[in-house]
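In this document, chain identifiers A, B and C correspond to the written order of the chains, with residue numbering beginning at 1 in each.
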Amino acid sequence: MNLQRITAYAYKEWREIARDRLFFSLAFVVPPLLMLLFGVGLSLDVEHIPFVVIDQDHSQYSRDYAARYSSGPYFNLLGQLDHPDRLDTLMASGTVRAALIIPAGFGARLAAGKPTEVQTLIDGTFPSRALTTKGYLDAINAQANLDGLAKLLAQRSGLTEDAARQRLTPVKLAVRYRYNEAVLSLWSIVPKLLMVILMISPPFLTSIGVVREKESGAIFNLYASNLSRGEYLLGKLAPYVAISFLNAWVLWLMALWVFGVPFRGSLAFFALASGVYVLCTTGIGLLVSIATRSQVAAMIVTAIVTVVPAVLYSGVLIPVPSLGPTGQLIAHALPAMYYTEIAVGCFLKGSGMADLWPQLLVLAGYAAALFTAGFLLMSKRPKV
Amino acid sequence: MQFLLTLRDWMRPMLALTRKELTQLWRDRVLLLFLVYAFTVDIYLAGSGVTLQVSHARTVISNADHGVAARELTGRLVEPTFRVDAQAHTQAQALAELDRGGAMLALDIPPRFSADLAAGRQTTIGLWADTSNSVQGFMAASYITRVVSRFGIETGLSQALGQGAGVAAGSLPTVDNRIRAWYNPNQDDAWFMSLSQLLNIITVFAILLPAAAAVREKERGTVEQLLVSPLSPVQILLPKVLAMGGAILLAILLSLGFVLWPIFDVPCRGSLGLFFGLSALYVFSTAGLGLFIATVARNQAQVGMLTILLLAPMLFLSGAWTPPEAMPPWLAHAMVISPLHHFMDIAFGVMLKGQTAAALLRPIATLSVIGCLLFGFGLYRFRRQFG
Amino acid sequence: MTEGGKQPVVEARGFRKRYGAQRAVDGLDLTIHAGEIFGLIGPDGAGKSSFMKAVAGVLQFDGGSLSVFGTAIDSDAAAESIKDRIGLMPQGLGQNLYPDLSIEENVDFFARLRLVPQAEAEARKERLFAITRLGKFRARPMKQLSGGMKQKLGLVCTLIHAPLLIVLDEPTTGVDPVSRRDFWAILAELLQETGATALVSTAYLDEASRFDRVLLLHEGRALAAGEPSSLSAAQSGTVLTLHDLQSDEALQLARQFGYLEPRGRDWRLFLAGLNAEAAQAAITTLLGRTVQTRASEPELEDAFIALVGAPPAAPPVVVAQAHGAEPVIEARHLTRRFGDFVAVDDANFRVLPGEVFGLLGANGAGKTTAIKMLNGILPPSSGEGWVAGADMKRAGRAIKARIGYMSQAFSLYTDLTAIENIQLYASIYGLSRQQARERARWIVDMAGLAGFEDALAASLPMGLRQRLALGCALVHSPRVLFLDEPTSGVDPLGRRRFWDILFRLAREEGVAVLVTTHYMSEAERCDKLALMFAGRVVAEGTPASLKQALAARRGKLLALEVEAPRQALVQLQSAGVDASLHGRRLHCFVADPAAEAPRLCQLLASAGLAARALGELPASMEDVFVALMTELEAT
C-alpha cells in the first residue's frame, strides 16, 4: 500500500466528479431531498380512515355504539348508508375503507342483557393498514364493552358507575413508552431514514465507476502502472465515501433541526459507525461495478439489490424479528439492519459503543468482505 | 386505403427498430438473466420473507409475584403475537434488556399482585414499550392493554357477581365486533408483498431500460445514423418503449405464471387481459419518464442519480406503504403525478378486487394523461437536443 | 544492430494468444534491442494489440515465452515487477486520459501515480510541455483538445515517469498528417534524449519508414522483419504513374498486372520485380504504344500488399461520363457557432453528381460539423446547406431518403449480426422485403461479407466493419453520400477495396460523395478537394491544381538523403532553406532542383554531413497539406 498512489487516484477521481456539474450537484442534492420527502411522507400512522355506518337497528343503542367510532381521530365518518348494496363499489374504489354494519335487533338484545354481534368490513388490500384498522376497532369495541359492563354492574350491585368500573379494572396497566415517549411516528422513522438514504444514494454514486473505465479504456492506467488493486479500490472509493460521509452529517443535522428528533447517544460512536456504514454502501456499488460488464446492467443490479431491500429488509417498515425465515436471512446479509440498530440506539436510546459494538463489528466485517470480494474479482492482467 | 398504406409505411421501420432492441436485449445475457431473476426469485423472496402482522413481539417479564393470578395473566401472552423468552429477576434487568434491544416490551409485576387482586384491591403493573418503532411498539402495547383489560374484567366480574356467575359467554350484554377483511380475507401478506414487489420491479425496469437504451445510442453515436434517416423522433423513440414494454410484459407473465399464482395463490379476480393492457399503459407512461431522464443526462452516471431521485419517492410514497391520508395534503396531492400511484390502484383493483375498466376509469384516464405528457416532453427534449 | 552481449529489452519465443477459438497471435518470435524504435505493422486483427498488451503486462497469454528486461512475464507478480519501467499508451485516441481534467491535471495525476518525485516531475513536465508545445493550453480540459493534442498529451502522460520501454498502440490513428509528423518528430527527439526503447504499431504504412526495424504481422504470424528499407527493397519493383490511358488500355493493364489505382486522370500501377526501364518497356509492349509515365520507388504500402498477398483485383472503373453539372451538395456561407467558438466559418463548396469530393483538415478544423449541417443533424447558425436541391434546414423526409451517411463514430449496432444490421437499415428506409433481399445480396457481395453474414458486427475485423457500415449507408441507393473518416484505422488492403467501391458508385451510378480522410494517399484519389482550417475553407481544387499552386508558391521539391537527418535539417533551416524531415530524407522546396542540389550538398558537406541529392520529387498531397497547414499555423 502506497499512500501517495492512493491519494493521487482519489484526487483525480474527486476532480472528475467535481467537473461533472450535474452529477456533482445530484450527489449532494439527492440525499437531503429524499430525507425531506420521506420524513414528511413516509408516515405509518393510520388516521382518518374513511368510514361508513350501516345502521339497520336505528336504536339509541346502535347510535351510541356507532358514535364511539367516529369520535376519535382514527375514523373519518363519511356518512350513513341505508343498505350494504353500494358498499361494494365504494370499497373497491377506495372511497371507503371500513364499514360498520349494525344488524336489526342490536339494541333489543343488549337491552335484554344478551350478547350481540356487529360486523365491520375493512379493506384488506394493504395488510399493514388493515391490521392497524383492526387494532383501532378492537380497542374501541373493548372500551364500549367495559362501559356497558360497568353500567350493568352498577345496576346489579348498587355501586356507582365509577366504582363499578374500578371493580372491573382491578389491574391497572401503567404504560410507559420508552425512547419515543410521545410515540411520534417521526421520531421512529427519521433515524431509520439515515439508513435508507445512505443505502440508496452511495451505491449509485459508485456503481458506474469501474464499468465506465472498462468501457473507455482508462482502466489501463491501473493495469499498466504499479498501482495495486487494493490501492485502486481505496483511491476510487475515497471521494465517494467522503461525499457520503458528508451527506450523513447533513442528514443528521436535518434529523435534529428539521424534524426535531433528539440525539441521546454518543456522537463519536455514531460518526464512526456512519463512516463504516457508508464504506459498506459505497462498497456495494463498487462491487457491482467490478462484477458487471455494461453500465446498464450495473445500474439495474444496483437498483434491485439496494433500493427495495433498504426498505423491506432493514427494519424501517417491518421489524426484523417479524420477517419470515428468508426475509431474516436477507436482513442479516445486508448492512442496513445493523446500522438501523445503531441509528435508533444512538438517536433515541442514548446508546453508544458499550451497547452497540457487536453491530459495528459486523459492519466492519461487512466492509472488509466487500473489499476482499472486489479485490479478488479484479485482475490487473486479464485474459481478454 | 391510402391511409392504411401510409400507416404501414410508418409502422414498418418502427417494427424493425423494436425487433432490433429485443435482439440487443436478448444478446445481453447478464441483463437478461438479471431480468428473469428480478421477476421471479426476487419477488418470491419478498412474498415469502415478509409478514406484516405484529408477531413475536419480544416480551421480557420481571415477575416479583409468584401467585396464581400472575401466572394466569402472563400465560395469556401467547405466540404468535408475543414471544416471552426472557424472564428477568428485577425491573432493572428487564429495562436493560429493553435498552439492549433484546425485547420490545417489558412487563413488571409487583410482589403483592396476586394478594392485592384476591383482596379486591386495585393493583398496578408496569409496562415499558420500546416505541423507537412507533407503530409496532404502540400496537404491541395496545395488545397487552387489551389482554390485561380482559383479564381484569373477567376477574372483577367473577368477584363482583360471584364465582362463575354470568361470566360465561353468552349471558352478558357484550358486543362482539366481527371484523372481516375484504379482498384478502385471510390477510395473506404474500399476496400484498408479491404484488407490490412485482410493481416495484416493473417500475425499476420500465424507467431504466429505455433510459439506458437511449443514452447508449447517444454515447455510441448510432443515434446520428437514425437522425439522418427519414424517421421522425416518435419513430425513433417509440420502438424502445415498445420493445422494453414487450419484454417487461413477458416478464410479468413469467412472474405470474411461476411465482404469484402457483406459489402464493394470488387470485386474479378481474380480467387478465385488462391487467395486461393496463400494465402496458403503465410501462408506456413510466418509460416516458425514462426517456425524459435520457434526454437530460449526458452520461450513465447522471442517469443513475436522476433515476433514484425519481424512483425512490415513487416506490415508497405511492401508497403501498404509506396511506395517502397519512401524508400532508400537499405531498398526497403531489404524488398524483406518480404513475405508480395510479397503477397501484389498477393492479390491486383488477387482481384482488375484480374491478372492471369502467370502475377504474379515473386511474386509467390519469395514467394515460401522465404517460402522454411524459412521452411528449421526452420527444420535445429529444427534438430540441438534436435540432 | 549489434547484439554485442547486450540484453534485449523484449524477447518473445513462440508467443501465442487466443480468444476463445480465435487465434490472435500464433507463434511469434521477436527480439527488441535497447534504444530502438520497433514497429509492428499488419492488417487489422493481425494480433498487434494483443502482443503489445502482453509486453506491457496487462494481458495474459496462452503459450510461448515472453521476457521483458530479462524478466520472464509468466505471472502477475512478474508483470508487476516490470511495470515501473514501462509506459503504455493503449489504442484509441486519448482513451486512457480523463476528459474532464485539464492537460496539467492529467499529467500531474500520472506523475503522482508513478511516484515521480515532485521536483523531478515538475522539471520533466515543463520539458515535455515545451517539446509538445502543450504548455500554453495547460488549463484546458482534455475533452476540448484536438486529436493531435490529445495524442501528444497521451505521450506526455506515458513518458512522465521516464520509462525505459514505451509501448504505443496505434498512437496516430485518426490524426491529421501534420500532427502525425509532429508526433513522430517529438517521439524521436525524446527517445534520443532518454535512450529509451519503443514498441510501436501503426495503420499508416508511410510512417513505418520512421522506425528502426519493423515486423509485418499477418494472421498472428511474422511475415517479414527487418529495417523498413530492406523490407520494401525485398519487394523490388517499380511504381509507374501513367497519364492519358484509354479505358480499354486500363482494363488491359489491370488484367495483366493486377491492381490499377485511379488517381484523378492518372493511374498508379505497381509492377513487382521490375526496374524502371523494364517496367516501362513492359507497358509499351503490352499497349503497343509509348505512354507518358513517371517511375518511382515502391512505397512500403506496395510491399505490404505484395507480401500479404493481394486478392485478385476487380477491374478498374473506367467510365468517366458526366452526370450533370448541377451541384447536388452545396454549402453556401455555411456557419456554425457553439457559444463563442466558431466551428465552421462561412464555408462554401459544391459537389457535382458522380464526383468524389474530399474534405481535408486537422482534427477540429470543422469537417464533421460541416457534414452534420449538410445532412440535417445540426442546424447552421447562418448560411445554408443545400442537398439534392433542398435546403437542409427545411428538408423533408423525401430528401433524407436520398442521403447516405457514415458517421465518424462507428455507426453499426455491434451486438447485431452483419445481415441484421443491413436488414434494419433496409426497414428504416422503407424498402420492401423483396428490395431488401436484393440490396442485402448486393451489399454482401460489394463489401466482401460472404461467410460473415451471421457474425456479430463487433467480431468483424475493422476493414470489414467499415465496409459493412458503408453498405448500410448505401442500402437505400442514396444519390448523395457523406462519409466522415470512413477508413480510420483500416489497413491498406481494406482501404483499397473501400475506395474502389466509392469510385464505382460515383462513376457508374453518379452518386455524389463527400468524404473526409487523414490518409493523403486517399486524398490523391479524390476528384476535388477542399482544405479546412479553423472552420474556414482555405483551399479548393483538384489534387493537381493544388500541387501546382504549391509549386507556384513554394517551389519544387528536392529530396536529399543524409546520414544524420536531424542535424542536417537544423543546418539547412538555419541557412534559410525551406526544408522538412521525411523519415531519413529531407525535402526542400527550391525554385530549380537541378541547380540547387549541388549547392545544398555543398552546404551540408561543409558542416561535416554527407548528403546525396535524389533529384526532383513530384509533390504529394501530403506535401501540399503539410505546407499549407504550417503556413496557416504560422500566421
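Annotations for the structure displayed:
The definition used in the following text is that a contact is a pair of C-beta atoms (placed from the backbone, for glycine too) under 8 Å apart; a residue touches a chain by one contact, two chains touch by 3 or more.
Protein names from UniProt, one per chain: A, B = ABC transporter permease; C = ATP-binding cassette domain-containing protein.
As the structure is a computational prediction, the values presented were derived from the model and not from experiment.
Viewed as a contact network, the protein chains are fully connected, with every chain touching every other. Each chain's centre was taken as the mean of its CA atoms, and the one lying most distant from subunit B (ABC transporter permease) is C. The geometric centre of subunit A (ABC transporter permease) is 12 Å away from that of subunit B (ABC transporter permease), both derived from CA atoms. With each centre defined as the average position of its C-alpha atoms, the distance from subunit B (ABC transporter permease) to subunit C rounds to 59 Å. Residue positions 28 of subunit B (ABC transporter permease) each touch two or more of the other chains.
Shared interface positions of subunit C, defined as residues touching 2 or more other chains, are absent.
Multi-chain contact residues of subunit A (ABC transporter permease), defined as those touching 2 or more other chains: 20.
Of all residues in subunit A (ABC transporter permease), only 2, 4-5, 7-9, 11-12, 15-16, 19-20, 216-218, 220-221, 223-228, 379-384 touch subunit C in the complex they form. Considering their complex, residues 372, 375-379, 397-398, 400-401, 403, 405, 407-413, 415-416, 420, 423-425, 427-430, 456, 472, 482 of subunit C touch subunit B (ABC transporter permease). Contact residues on subunit C toward subunit A (ABC transporter permease) in their complex (touch as defined above): 19, 56-60, 76, 79-80, 83-84, 86-88, 90-92, 95-98, 100-101, 105, 109-110, 112-115, 141.
Interface residues of subunit B (ABC transporter permease), counted against subunit C in their complex, comprise 9, 12-13, 15-17, 19-20, 23-24, 27-28, 220-222, 224-232, 386-387.
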